[in-house]
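This is the structure I have questions about; it appears just below.
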Amino acid sequence: MDFTFLASTMVTLLKAVPTTLILFSLSIFFGGLLALVIVWMRVSGNPVLSGFAKGYIFVFRGSPLLIQMFLVFYGLGQFGVIRYSFLWPFLREPMVCAILSLALCTAGYTAEIFRGGIRAVSPKEIEAARSIGMSGFLLVRRILAPIAFRHALPAYSTEIVLMMKSTALASLVTVWEVTGVAQRLISQTYRTMEVFLCAAIIYLVLNFIILQGMALLEYSLSRHRRAIPQALKA
Amino acid sequence: MASLELLGFGSTGWGALLIVAALMTLAVTATALAIGAVLGAIVAAAKLSGNPFLVALGNVYTTVFRGVPELLIIYLIYFGGSSAVTSIGKAMGYEGFLGLPSFAAGALAVGIISGSYQAEVFRGAFLAISKGELEAASAIGMHRGMRFRRIIMPQVLRLAIPGLGNVWQLSLKDSALISVTGLAELMRTSQVAAGSTRQYFLFFIAGGCLYLILTSLSDRVFNGAERRANRSMPASAMGQA
Amino acid sequence: MPGVTRLSVRNIRKSFGTHEVLRGISLDAQDGDVISLLGASGSGKSTFLRCINLLETASDGEIWVDGEHIEMIHKKGKTRPASQKQVDHIRSELGMVFQSFNLWSHMTILQNVIEGPIHVLKRPRAECIAEAEALLEKVGIADKRHAYPAHLSGGQQQRAAIARALAMKPKVMLFDEPTSALDPELVGEVLRVMRALAEEGMTMLVVTHEMSFALNVSNRVVFMREGLIESSGTPDEMFAGGATPAFRQFIGHFGTGQ
Amino acid sequence: MPGVTRLSVRNIRKSFGTHEVLRGISLDAQDGDVISLLGASGSGKSTFLRCINLLETASDGEIWVDGEHIEMIHKKGKTRPASQKQVDHIRSELGMVFQSFNLWSHMTILQNVIEGPIHVLKRPRAECIAEAEALLEKVGIADKRHAYPAHLSGGQQQRAAIARALAMKPKVMLFDEPTSALDPELVGEVLRVMRALAEEGMTMLVVTHEMSFALNVSNRVVFMREGLIESSGTPDEMFAGGATPAFRQFIGHFGTGQ
Amino acid sequence: PPAFSKDWTKATITLEGAYAPWNLTNADGTLGGFEPELAKVLCERAKIECTLVASDWDGMIPALNAGKFDVIMDALSITEERRQVIDFTIPYAATPAAFATAKDSPLANAAGTGATIKMTPGQTGVKEIEALKELFKGKTIGIQAATVYAKFVYDNFGDIAEIREYKTGADRDLDLQNGRIDLGFDDAVYFANAFQAANGALAFTGPEIAGSIWGEGEGLGIRKADTELRDKFNAAIKSALADGTVKTLSMKWFKMDVSPQQ
């Protein structure tokens, strides 16, 4: 093992970590917001809205992100309407496009995950809320959302880790994050194994931290499911 | 649009190649899912065994293969696998290079990743089996093996179907990454067609549509399987699964 | 106080598909009335309670809660409440205690009890907490206020559900089999709480299989059969000679000790 | 036939952690005995039944089933059965009916009933089916034999569970609260089946809250309190004057009609 | 590497099959283009039975060393970095490089368009380049990552222009049309073909840059141990260059002669 090479590779790759983290956090954030809209449409009961949501989920879950990203970045600019619109200054930026396509994609998955969480809420608990006069947004905010989110959390952590890995595709649109930098390093040095080993370690550490965080969140949100605390038993 | 001719089946059309590539994607993913099922079952068993060493081993497996980008794993297996096979060949007296064929390398890589997800699916399904039903089996004198075969297995399979559907979806798209091994699956064929004709949008959209067709076909299969397996469940509970 | 009509129901009907579950039910409850609702499984008791607080929409009939008429819209053969606001308001005046408790699993007992007063009635938090603690004291589970529902026994959950309903200061309480699935000791505990409520003059409508409750606590017994009120009267009238043959058959198991 | 000892338990003890749930219980059941096991929630009734068929391992004590002694190994402060084979065999001679039925959800009712005879007892399939259908007929759910458990009402599931246990032709039947969570009509149905079994001379141990069953069907009543048998006797002895103060308090609710 | 000499009668040659006109895939799945046709000639002359297989550009060199195939023929420029890990034959092509821009761009038709200048490695102060620097100040130049052209652009324009790296040249061309970038720099032969696909929206600007600055040109990549194979192909390339076969194929596919100047 050539440790000086590994060390210098590590340094090069670590410099790309902020890019990866920006891609990751912003796409999770916007993807989550979009997912709320989609899931609201999906369960609205309105056939047009839920049809649209179903179609959205089908397309964005069913096709490879690589193709989606390519079409968003290189495809949108082909249309004069977009190129001469007020949106172009934003869409012109590779970072914006990368985050946009990552967010569009994760919104499809996340919407399905949230819907699963909502369906897992006991209808009886909802009835209990209705019976004291809750309805509409109050019911969603106080009863439905907290329970649904707790149910959705395990699946959502998986999706978040998948997103972290998906950011690896952003180098397609000239955003040079960790994997892209690793690939570029390989085509300069041809030392595939060493470079990828460093990259693998970086992702493993990042994902490990994320999963620990999610587990902590899950733990703190499941007080009501845990065994009886000693103090209460007495 | 003249360029649409490029998608036809004539001598200048790429239709036939794209269909063959879609079938190749299907074949790789199905093989990977089968490999993953075996690995997943073993890893799930290890994680449920209660033996601290096996549990730790299982955790390392699921953490690593779910935490490292798929592309890196595919590279590691494609190149690492070849050197392993070559050195085994050497040990057995064969001089020269031995490669892992790209289909095998790709299916193995995606299968190993798929196994880490399937392990969690199986484990969840096992934990979802009602404890009371297991006790009822013990109470009439079923021994461990019989309980596993008659009560646990059928229910794990039923409870795992929706989860396996998701893993299939993931593996289908992971298979797009094994284009680096040169296997002519759907993603690579779309890229090659795009590069050879310079009709990038046409072929990426066509490729995307073929993926959507594969998705909707496989959705249908999994939904059918779920319906069959859920015969024993009331309609309302089916929605919850 | 008797004389104020807290709840009035006229000719309620309800169908599920082609199955007519309620076929015209009328009932009045005055202040302080404790009405036991008896009937075989499937006779429509739960559906009746659910229609009163609009968890189901009756296909026909009129309901007044504390003198307020619930407006309905009939359109294209379907019926629905005219105003969600009125529905929410009416519900906050009707306390419902479900057979399966239906406590919110992600909140402690205290949080369950103060949820409605704070977020629906918009009352000050400190006041709500003080009242909630007093209520929990009253039903005998004050020491469990910081526990989650999953950590409580059935009888304790049932009592928490009663406290949650009472915290809304309802005009009328609706109970749906509040003691089934409890063991005799827990049944005793819950019935003690309900008896205390009755003595305080709370208007109550109670679906129950506990004949002893019907006989000893309620001041009126209503027997439902196939979606209709087959007979009704004071407990003494009903359990003594005046009973109809159907009611006599229904209580047969209770009456003969097997 | 009385005189053959089907089940004999001597000085059973069981702890969970530091909590001693059973503190030395002894009991004999002769051929045809129907023993009611009463006691407050948490007194250890379920645990006692589970120790008998070895779903829990008693920390101390001896058990004989139909004269066969269950061998135990005591090692490092832990106790476990000496032979899994003997455990499986003993269990196939003890029928258990759980409070929550525990039917196998992936099998139809008929499949549930024939599962044990075919796979555990290794008897011919055709014979098992014929017997199973007769049993389902007997408990009154023959028409449901191809339905899945989730499609049955509580009372029907309960009877299917009884049929499943009976299909193993057990020497002794253990029932854990077979009628709680059922409405009075269903309770009646299930009790009718159990009464029929009693008349056929089946040995039964029944944890129940149905005092009428204890009084009218069983020939012995055992009252458990805090892990011990507080008192026992014939129903007449127990429910009449001879009862201990604790038992009298326990049945208070039943005895006084509230 | 195997410590024995192999009698080379068979060899596997890899190419991407998606880099028109160097190599491409036909709709029936067969490979075509300049390199497959040249490979046929070279293998005949070296008396080797060749099989062509397509593989991905990423990982081609590691795959060669892992033994997945014996020869890379994919417009592979002979560079010092690559020499560290593989061996090359003598070049069978050497192509100039040039800037491209949108036809309607103010940068179109820069001074020297249509001319050719020669440069040597490390050469600075070339007046044509200085003129371009003046013109390109503050613009965005797109290049394919990890190529000799990328290094050139960084060295000469890194201080005055923004440089954006793409994974493939094709991606860069699309962005040039979309207007996200102002200029692209790449192999002139590659560009000439790409312009056809862009329906005339793109054009060269400034002089073509040729000479030893791009190294020796494009050669076959071969494992370091396989010296005999390399020697056989060297002889074949020499003869194909000498009798004009390379030039004929080059005119057919590139409409210009890419034979390296000996």
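For clarity, chains are labelled A, B, C, D and E in written order, and residue numbers in each chain start from 1.
Note that in this section contacts are C-beta pairs under 8 Å (C-beta built on N, C-alpha and C of every residue); 3 or more make two chains touch, one makes a residue touch a chain.
A quick note: this is a predicted structure, and the numbers were derived from the prediction, not measured.
Counting hops only between chains that touch, chain A reaches chain D in a minimum of 2. By number of C-beta pairs in contact, A-B leads when A-B and A-E are compared.
Among the other chains, the CA centroid farthest from that of chain A is the one of D. Averaged C-alpha coordinates give centres for chain A and chain C that are 46 Å from one another. Computed from the mean C-alpha positions, the centre of chain B lies at a distance of 47 Å from the centre of chain D.
Between chain B and chain C, the centres computed from C-alpha atoms are 53 Å apart. Chain D has its Cα centroid 35 Å from the Cα centroid of chain C.
Counting partner chains per residue, chain B shows two or more touched chains at residues 75, 79, 200. Chain D has no residue in contact with two or more other chains. Within chain A, the positions touching two or more other chains are listed as 74, 78, 192. Shown are all chain pairs that touch, namely A-B, A-C, A-E, B-D, B-E, C-D. Put simply, chain B touches chain E in their complex at residues 6, 11-14, 16-17, 75, 78-79, 82-83, 86, 95-99, 179-182, 184, 188, 191-200.
Within the complex, the chain C residues that touch chain D are 40-41, 153, 180-181, 183-188, 191, 209, 212-213, 215-217, 253-254, 257-258. Touching chain B in their complex are the following residues of chain A: 58-59, 61-68, 70-71, 74-75, 78, 119-120, 158, 161-162, 165, 168, 179, 192-193, 196, 199-200, 203-204, 207-208, 211.
Interface residues of chain A facing chain E in the complex, by the touch rule stated above, are 74, 77-78, 83, 92, 94, 171-172, 174, 176, 180, 183-184, 186-190, 192. Residues of chain D touching chain B in their complex: 53, 55, 84-85, 87-96, 98, 100-108, 115-116, 119-120, 148-151, 161, 164-165, 168.
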